[in-house]
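What follows is chain A paired twice: with chain B in the first complex and chain C in the second.
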Partner chain A sequence: MKHLYLIGRDEIPSDIVLTSQEEHQLILLALPGVSADVPVNIRLAGEGAVIDVFGLYLNFGKERVSFRVNLRHESGHCRSRQLFKGIVGAEAQVEFDGLIYVAKGAQKTSAFQENHSILLSDRALVQTRPQLEIYADDVECSHGATIGKLSEDELFYMRSRGIPEKEARALQMRSFISAVVERIEDEQIRQMIYDKLSQCQA
Partner chain B sequence: MDNILLKISDLHAEVAGKEILKGVSLTIGKGEVHAVMGPNGAGKSTLSAVLTGKPGYKVTSGEIEFMGRNLLEMSAEERAWAGIFLSFQYPIEIPGVSITNFMKAAVNACRKARGEKELTPSEFLRLMKEKMAFVKMKGEFAKREVNVGFSGGEKKRNEIFQMAMLEPVMAILDETDSGLDVDALKIVSDGVNALRSPDRSAIIITHYKKLLEYVVPDMVHILKDGRIVLTGGRELIDRIETGGFEGIE
Partner chain C sequence: MAAEEKDILKEFTGQEYKEGFVTQVEQDYIPKGLNEQIIRMISEKKGEPQWLLDFRLDAFGKWQKMRQPDWAHLHLPQIDYQDIIYYAAPKKNSQRPTEIDPALEETFEKLGIPVKERKALAGVVAVDAVFDSVSVATTFRETLSKQGIIFCSFSEAVKDHPDLVRKYLSSVVPSGDNYFAALNSAVFSDGSFCYIPKGVHCPMDLSSYFRINASGTGQFERTLIVAEEGATLSYMEGCTAPMRDENQLHAAVVEIVVGKDADVKYSTVQNWYPGDANGRGGILNLVTKRGICKGEGAHLSWTQVETGSAVTWKYPSTILKGDYSSSEFYSVAVTNNYQQADTGTKMIHLGKGTKSRIVSKGISAGKSENSYRGLVRINPGAEGARNYSQCDSLLIGSQCGAHTFPVIRSSCPDAIVEHEATTSKISEDQLFYCTQRGIAQEEAVGLIVNGYAREVLSRLPMEFAVEAQKLLSVSLEGSVG
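Entry: the complex of A and B
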């Protein structure tokens, strides 16, 4: 099952429960202009369930976006993967709270979480808080987070080839979020994201 | 004189508050290839950075005129549109951007700025294939991310590939020959020679004489401590090769 939610337009279910062998993919998009508190509660309740969560946030104004992920491995042999990427500019603020909980007895769990952000301005803010709470002993879990800026060297290289600054920045941003965007099957939504990048003034 | 392509007059430039160029004057005519040689720290790379508008370099006095325009007032991309190209000493990696997308954006931006029509996808692919063959790059090259995982030689060939794609009026090669084996050096020199025409010029910045055996310069300048201390013909190359830069003031 694949679900895509445009935050601010679509209602995200308050609890997502996967039973044995169920496989879900979840894509969450926070596009410019949207402020929201986004709780994501997922329970892998049955053995062998699989969830992929992809999150994208593009906030170039004064938005406040808060992702609060609570992903619970309650049974063994389940797999979860989270990838949240975003670009935050102007005075926007994004929070990412990501808890991975592995219950006692949820052996052979495999859980990965990554959160990577680009800041476009000095006043933009990203706070990322990955947390692991593990009570089983035979698990494979990892998390990683980075916050950086667009590379000035890349930018100059592109401009020296004649690519206008704005277009060069859009190319950089596009490549940064490509790992999430390539999961989106809806061509219109992908195009909408690229348009937002091209219009970005932050 | 309308035969002048680039005229640098008494150029002073600093980086992080330190003066690196201390009065460089250099005039390059159309169709000419000039070599700029000099020891490490002489200001060779600063000169190429200032010519291409790299941020962080501050021109404190002097002028640069390119095809009658004030180059110092132009942005980096405007310089590219006007036909200036720098082959980077250390080419930059751009993860996530393919050579094809990078070059398509560059070629079409330059064409647009010059009032030409953008290339159709098939015209563009034909051009890519032709130039890739020219620098002996295989088909998969087009899909690779710009310079990511490239060997030193591949990066330099990629610079020459981009130069061939963009057909600049004024090519600046910043130590493009360092670290190249003979085969790669041949590709680089073929690339430069193929562009030679009565309208196109080049500045070759180098430590070594090897490249200058393949691309024979019209003039040779010795840059030392931020100034051009000696200008002459190709006989200067041999003098440097045997005697080094010591003693040239």
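Entry: the complex of A and C
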């Protein structure tokens, strides 16, 4: 099952329960101009359930966006993967609060969570809290989080080859979010994301 | 053969907590309880000036208005603050005030802490030994003072260097900073004071050794370290306590001020009594440690090995105020049986080009809970700031918990922050490799754990590194199989 939710347009289910062997993919998009508090509670209740959660946030105004993911591994042999990426500028504030919880006895769990942000302005704020709470030993869990800027080296590489700065930066941003965007099957939405991205340049 | 095996086993199991003895020494107590009267009494016993008494009373006022924090991932037993003796000191033999009581000396010898200057150790390490509420000995003071270094107990510093103490006391950890810091500010008894003047490289490692001995007491030490411009210092801290069925409270405050281009390295091997295998007794270790890199290019490094205490609540932090200042935090925290640890660090980046690095290794075994909690904060204006954090957890057995609670907050577009964390168990392959070559399972676990913690252990000063490695394997005894 694959679901795509546009925050602000679609209603996002706050509780998702996966039973045995169920597979689910979730994409959450927060595009410019939308402020929202997005709680997502996912329970992997049956053995062998698999969930992929992808999130994208592009905020260049005064938006306040917060993702609160509570992913609970309640059974063994489940797999979960989360990837949240975003670009935050102007006076926007984005918060990512993601918990991976592995219950006692949920052995052979594999859980992975990533959150990467690019910060464009010193009035913007990104706060990330990737959390692991683990009560079983035979597990592989990890998370990674970064907050950074567009690479100067990449920019220099492109500019030295005659690509104007604006264009080069747009390319960098496109590539930064591509890991999430390529999961989106709807061509229209993909185009919309790229349009919004170029608007932020202007 | 069998007898030999038994001997080895006996030796091994007997190792459990070898610092758990009690020293029989006549002690001077004040009554139980906590109120203004008690604070006045502590202050009077120590012959303190009025300003320090005022400082204590002010902190007590703040503490009364505060609530004990409950955000940590800990089950803290109910602490009855009125049921604690806040001051206990070994009675001094007034005829020979310059000599250390032989019983105390023996205690510290037994713990491997040299309280008398020995030729063989000369130039290696200077020690300030704190027994319950007072400092009993500080070695190598003469040698150090020739270079202008002040290293003495906190009480002496208040008498001999009141200006310095007054200037820096609570400049990093305000008296109302948090519940336990406020409590400490009100009732603190003794600790170490260290001042390195401008441009001086401290010729030997300085060390504080804390020992809780008296029953029904708490230890509230206060350490203040000041390194002026261009000074360097390596500081070590160790702690032990007797085995008792009660929980004893240890609420310390450590403040470190690092001047321009100064370099301070602070290492801790914490081995308070962790309680027995059923979770009875043990020290409640609730401490506030914070340093400030005040000047440009200042550097502060925290290294900690936490193996003891029933409960650990400790977040050595650095405020990176000076431009291009840097800080590191290296930690190994081991919990076994019913121990609980909630520990980590805070790195507050204020200055330009500030750098910090966090490496935390948690090991949980038995029925213990081990959490990493940290904050990396990049303020606007901290251009070019850089942080890298790595938090790994190792689980041994299916009854324990390992948790990671980091917070990363950035509002500087020119900063780069990276954090990664992993949780796993000891790999079957590695274990198999060892056991297949005739290394016993328990030994193999010790070997693998030491390898896992190596990155942190290698940062420790020599004397500590050996002790820490031994401690690691002792702490994990009985956790396999």
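Throughout what follows, the second predicted complex is superposed on the first by the 200 of 202 C-alpha atoms of A that agree within 3 Å, B and C clash if a C-alpha of one lies under 4 Å from a C-alpha of the other, contacts with A are read in each partner's own complex, and residues count from 1 in each chain.
Please note the rule applied: a contact is a pair of C-beta atoms (placed from the backbone, for glycine too) under 8 Å apart; a residue touches a chain by one contact, two chains touch by 3 or more.
Just so we're clear, the structure is a prediction, and the values are computed from it rather than from any experiment.
Annotation: superposed three-chain arrangement on chain A; chain B versus chain C shows no clash, the two fitting side by side. By the document's definition of touching, of the two partners only chain B reaches A:P164; chain C does not.
When the two structures are aligned on the shared chain, A:S178 is found in touch with chain B, with no touch to chain C.
With both complexes placed on chain A, chain A has more residues touched by C than by the other of chain B and chain C. Of the two partner chains placed around the shared chain by superposition, neither chain B nor chain C is touched by A:A90. Of the two partner chains, neither chain B nor chain C is touched by A:A36. Of the two partner chains placed by the overlay, only chain C lies in contact with A:L132; chain B stays clear of it.
In the superposition on chain A, A:I12 makes contact with neither chain B nor chain C.
In the superposition on chain A, contact of A:F156 is made with chain B only, not with chain C.
Taken over all C-alpha pairs, chain B and chain C come no nearer than 15 Å in the superposed arrangement. Across the interface of their complex, chain C is touched by residues 104-105, 107, 117, 119-149 of chain A.
Listing the residues of chain B that touch chain A in their complex gives 52-55, 75-77, 79-81, 85-86, 88, 91-97, 101-103, 105-107, 109-110, 113, 162, 166. Across the interface of their complex, chain A is touched by residues 73, 378, 380-381, 393, 395-425 of chain C. Taken together, the chain A residues at the contact with chain B in this complex read 151-154, 156-165, 167-168, 171-172, 174-176, 178.
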